[in-house]
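Two complexes are shown next, each including chain A; its partner changes from chain B in the first to chain C in the second.
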Partner chain A sequence: MAEFDIEPGAARDSVLIASGSFDNFEQMSSSLEEIITENAVSSREDLNLIGAQADNGEESSSKAENGVEPEEEIENSVEWTSKKKHIFVLSTAGKPIYSRYGNEDKLAWLFGVMLGLFKYSRDSIKSIHAGDTTYVFLSKKPLILVAVSKTGESVSQLTLQLNYVFNQIVSMLTLKRLTKTYDERPNYDLRRLLTGVDRLIDHLLDFSETEPAFTLGAIQCLPLALPDRDSISKAIKDACSKIKNLVFAILLGNNRLITIVQMKKYHLHPMDLHLIFNLVLANESLKYSESWTPFCLPRFDNSGFLYAHVSYLADDCQACLLLLTVERDVFFPLSGAKQKIVEKLRINGGMEHINASLASLEESALAAGFPEVRHYLYKCKSTAQFYQPAACPPYARDRIKLMELYKRAHHKMHYSSRSLKLSFERSADEAVFSWDTKGFELYAIFEPLIETSSAIMSVSKLLNWIKKREDKLFHLNAYTF
Partner chain B sequence: MASNKKVLLKVIILGDSSVGKTSLMNQYVNRKFSNQYKATIGADFLTKEVTIDDRTVTMQIWDTAGQERFQSLGVAFYRGADCCVLVFDVTAPNTFKSLDSWRDEFLIQAAPREPDNFPFVLLGNKVDLEPRAISAKRAQQWCQSKNSIPYFETSAKEGLNVEQAFLAIAKNALAQQNQTVDLYNEFPDQIKLSNAQRPNNGADACGC
Partner chain C sequence: MGALNQDVDIQNFFIFNSQLCPKEGEELKKIVYYYPPSDNTEVQVENVGLVEGIIQFTQTFNPDSPVKSLHTGKQRQLFLQPERDFWIVLTIALPVVTKVKENTSFIEYLEEDVQDNVYESVLRQLYDMYRLFWGTFQHTLEQSDLGTLMTKIEKFYNAYLKTLRMAHMDILTVFKGIQYLPLDRHTFLKIQCFVNDVESNMEYIAHTAFLYNEHVVWSGIEPNDMQTIYQYLIDQLLPANVEAELQGGSMPRNLQSPFTALRRGRFITGPSNLKQAKTVGKVPKIYLFNEDGVLEYYLVVYRALSATVCFFVKGKTELTLDQFKALDEHINPRLSPIVNSIADYCSKQVVSPSNIQESSPKFIYFNKLNLACKSTVHLDNKHTGNVACSADSLRIMADMKNTSHFLGPSGENIVKTTNDYWVFSKTSNLREFYIVLQQKSASLISISEEVKRLCESELEGIFFHPM
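And now, the complex of A and B:
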């Protein structure tokens, strides 16, 4: 097998918090209070700045319009019962908050049954297994989340998804507000505060069915040559250096990370970044205006909001820039900073590089010279980044099938009663190679007739290939404000 | 998720076993009645949509078991209720005497913010049966003593007063909900909270 001093994609300073896929969900990396306290100095200048620029830009709406669904009585239909994965959210009083399919009002009785099961077990039930259906309960005070799945996903994988749904709700309210709401009124109908958030949750659930980032707990980058990515990061850093209390500047394009520039000492958790990706992808309307929205990053600090200036770089460059600050009224300074970033990126060619990469088709394993490899996932653990080639037949149209293979393999490596380090499993349709080392994880799917020895040789070659391109496929140099 | 106009009310039905809680609910939701007695195991749940003053109100009705051995499960459901319906059998004096303990237990377990103003409704069921043991006057007196809660005489069998009683239940619960200010406005901004903990508030880093 390939030997490296350092695994492909490793970097001295990771932009992301390295994470196991299912680590402690409660732990937070920072506190907003700390940021405010540490950056308290010279804030008066900031206020002047706000005043000076206050009438330069135009205000824009931040919330997407409410999705109004047509009322259909599908709750008793075969269509409803045959859905492969249901997700429900209820309050500890048993009031419905969210149902992935159908109108949760019409399903109010079902939420009662769910609370009944949960209470009957004295709040301790984790899962029920009945035939091919798995019921998973997750208690996240003050909410209860339930998954009913026929997808074959494991309890831990479904629990992870429920955690994401919970975090999505927290991202809109903060945990503090959520808890306080129910402390004061246990009968509260939370849907009043969550208008429109159901669309975000819907998108998150669909998104996570085809996107390996969630299962891996990692982020995929837009391929860019190292100097190009550096010049983009530097342009953002320079344009924002005078702005106080800016915590993160994130640039993404086409569901890939271009760069993150962050305040010293503060790091983003991949789980939070996934929520940001989801926010951007679920809201078409962000494309057409500069938006200002409060957004809580639950793994960063679940008690408070960051405020995000969200905009696409330009009509001719569809990369989305998010500037996240602890200040709630600095839209105009950040709008100005964004203009500066755009100017710099036009001059230094950053925008061209981004456009070129966005426009170029992602390479399949076949095109890269690995005809025997149908698809693979490579994750560098220390930087929480991963790479996958473009999907090609037979999975090009069936991303869900591809994800199911990976979820199965991932579960076997991490959460079965005896977790594995290396596995090669052949079925009638494909052969799946999984390898978990200290530095990386690799999952590769081969055509089913491949010899074990050739598969191992391929993997070795594949790792060398990735290593050679690591400075393009991964975000290696972290920039700070 | 629903728009702001939609409301969901959690309604708990309490009372001794065999006073007709399930029958009342079935009559109300399904317009059906059966003379056969089937004890409720644990709890039963039904949903009914009503329109009150242009608002679509979904009633999530929690029919609990009256039998004592299910009590421990029942009380776990009380929290977060919007209205509590107490039911007794007008031909069975014991079921009327139990009302106090049902009400007290509910208030202890549900712990509503304003127990004195929590919406209760009392239903005297089985008025189609003879002989009557509890007069309407006696029931009304009890209601008066409990901060004048509304009283209805019903017959689940004949569908008498059932619709009206549940409408009153929904209205009461709704009125209670409307009284409370929307929490959204009560909340100070999060950043301000942590800001306030700073010893020196002079330079307002938060800019708020």
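And now, the complex of A and C:
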């Protein structure tokens, strides 16, 4: 098989934190305080300010979004029970907070039952298995999250999704605020603080059904030639270098990462970046105006907000730029910086390159010269980035089926006490090759009748093909402010 | 890896029927059986209540697929509703290891070492074995009353639970297969003639099953029924008797010599010593279930040399000592030559375990149609963990079995573990084949070829050998 000194896509300086498949969700940094103390002119004052501002910001944002009535639905119908995946969130006092389908208030009895099960089992309840239905419980103080799924996903995959839902809630409130709210008023109806978040959670759940990024814990980049990506990163770096306390500048388009420029020493976790992608994709309205929103990145620091200046580059370039800072009132300086970035990208051709890449889809494996490969996922572990070709028949219209194959393969490889190095599986419909090495993971789907030896040859060729194009398919050079 | 300081163990086992007492405050009346009795009634009622809650909760979402298991931090709970309104619940304490990290030791529960499909099968067997000897719960309720049912259940499970070896259940428990003895046509025909001869001469015998050592040679009853009877014979009845015969002496495995085995045949259910017997002794009654409904039989078991013959005597027959004497007279002289020719044939075929290299591939085969099962992984039938491969590779097989439905009716899978051994599975034509290979530096291609070769040699033999 193919041997590399360095696996395709590896970089000296990763822009993202390398993620294990199911790493410790509890581990959180307290990066915010560090940034503020280090860069503060008068540190004490700033620190206090941030705390106060965080509260204000969130009060105003929740007010602004108030007034959205939950849709009416029939909660006792067959249609409701036959949904593939239900997600519920409740407080430890049993107050309904979120239900993916149906109105939480009408489901109050069900939330009561779930709380009962949670409380009465003397031992922490994890999952219930009933034929094709799996029930997963996750306790994240002060909330309880429950998934009811008929998708065939594993308990660990469903738990991961519940963690995402929890992080989505934290991203709008901060964990500090969430805990404080319940400490003070255990019976509080959190939905008052969360109006609008249910839409984000809805989108997150739909999004993760077809997007392998969540399962892999990685990010896919927009293909760009190395010098082009560098010049874009450099334009952002130059335009923002004078701005104090800017932590991350993220440029993305079409659900792909274009570049990240970050403050020295600080890195984004893919989980946080997924929430940012979700925020952008779930809000069409961001396209039409510059906006300013507080946003907590739970893996980066769950105790406080970053403030995000969000805007699309231009009407003729649908890439979204997010500038994240710890300062609460720098909208105008950041707006100015954005203008500078746009100007630079127009001059150095960056915008053209982005547009060209956005307009052309990824090649299918067939078009790249691998007729026997139907589809594949390649993940470079050290940089938490992955690549997938365009889906082609028989999966072009059935992304869900494709994702099911990958989820199953991924689960099998990472089943914690019995993880595997390699698996080759053959059914009447397809052959699935999974390979987990120190540097990378590869999942490839072949025609069902392929010979083992030709599958292995294809895998070798495929890895070489990726290696040759690594500087285009992956974000290799990290830029810092 | 830390030290294993607690293996899989039964936490509790109970049977309840919510319809027995829908009234609040009298929940204890729902409980038909509860083990261990050391749990006080409060705990019992609470445990049953929680299961009722889980059943209700899951029925909200999917009334058609009943709840099978509950995973918690320290326990695993398995559920079975074998008859309307009756639920059987088995709770297992997860195995525990103590690990040391940064100088502090902590306890870790090995959740993934306990596999649902294995212990669901254990639970099913717990019910099937009861039903074999006492019939359905409902049947007893209709014939007599709840008190009788509770007594029967208590008597049975108090004894049976003690014999279960929970720690060494694996994929073979899932299959609950029957080991058949493949014979040449000529020898097989001799047995067939013997069975036909007995059944036509002794009208009260409805069916017959013939075992040689632990292998079934002939069975006249449905495989599904034979499955439970086979478990009973292999796990309970025969080991107890073999030990009694040897009077404390140890018996090497794969013993073929007829001289050390029983020379003169005798009944091991019924009158064990015909010369001195005054009554027919203890003959268990069993209940078999098929399309025609329930059939009652007496299970008369006769052992001679290495053979065990089971006679299924129609339940309405009145058993007499003379019958047993006549039967013994009839079969004893006929059996010896048959058993000798089986022994002759086997001695030519059998590869004794000492001839097999340790690193050679080990396999497990199962045929869903006749429930035939064969394993070179397991060195005996005693569920003591005497296996020729790692416990993890056996678990990987059970994992594969558990997800094989995703691959459809025919599929195969080959995996390399983090410890560099290979496990292969193949399902086709309702047959399942699993191989463990311990070849560290092999490549996928060489392993695939090896597996192909093994499938050809082993499966061909099994598929086309007369059985």
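Assume the second predicted complex is superposed on the first by the 442 of 481 C-alpha atoms of A that agree within 3 Å, B and C clash if a C-alpha of one lies under 4 Å from a C-alpha of the other, contacts with A are read in each partner's own complex, and residues count from 1 in each chain.
What we mean here is this: a contact is a pair of C-beta atoms (placed from the backbone, for glycine too) under 8 Å apart; a residue touches a chain by one contact, two chains touch by 3 or more.
Note that the structure is predicted; figures quoted are calculated from it, not measured.
> Now for A:I347: first (chain B), second (chain C), both, or neither, which partner does it touch?
neither
> So in the superposed three-chain picture, is A:I125 touching just chain B, just chain C, both, or none of them (first/second/both/neither)?
second
> Where does A:K421 make contact in the superposed view: on chain B (first), on chain C (second), on both, or on neither?
After superposition on chain A, A:K421 lies in contact with chain C alone.
> Per the overlay, which chain contacts more chain A residues, chain B or chain C?
Of chain B and chain C, more residues of chain A lie in contact with B.
> In the superposed arrangement, does A:A356 touch chain B (first), chain C (second), both or neither?
After superposition on chain A, A:A356 lies in contact with neither partner.
> Going by the contact rule set out at the top, does A:G116 touch chain B (first), chain C (second), both, or neither?
Once the two structures are laid over each other on A, A:G116 reaches both partners.
> Between chain B (first) and chain C (second), which, if any, makes contact with A:L193: first, second, both or neither?
So A:L193 only meets chain B here.
> First (chain B), second (chain C), both or neither: which does A:I6 touch?
Neither partner.
> Touch check for A:A396: first (chain B), second (chain C), both, or neither?
neither
> Which chain A residues are contacted by chain C in one complex and by chain B in the other?
On chain A, the overlap between the chain B and chain C contacts is residues 110, 113, 116, 120.
> In the complex, go through chain A and note every residue touching chain B.
Its residues touching chain B are 31-33, 36-37, 39-41, 43-44, 46-47, 50, 66, 68, 91-98, 103-113, 115-116, 119-120, 174, 176-177, 180-181, 184-189, 191-198, 244-245, 303-305, 326-330.
> Would you tell me which residues of chain C are touching chain A in their complex?
Against chain A, the touching part of chain C is residues 46, 49-50, 53-54, 56-58, 60-62, 64-75, 110-113, 116, 392, 395-396, 399, 403, 406-418, 420, 443-445, 448.
> Mind listing the chain A positions that touch chain C in their complex?
These residues of chain A touch chain C: 1, 81, 86, 110, 113-114, 116-117, 120-121, 123-133, 135, 148, 150, 152, 155, 408, 412, 415-429, 452-453, 456.
> Give every residue of chain B touching chain A within the complex, in rising order.
It comes out as residues 1-4, 6-8, 10, 42-43, 45-47, 49, 58, 60, 62, 73, 76-77, 79-82, 110-111, 113, 180, 182-184, 187, 189-191, 193-195, 197-198, 200, 203-208.
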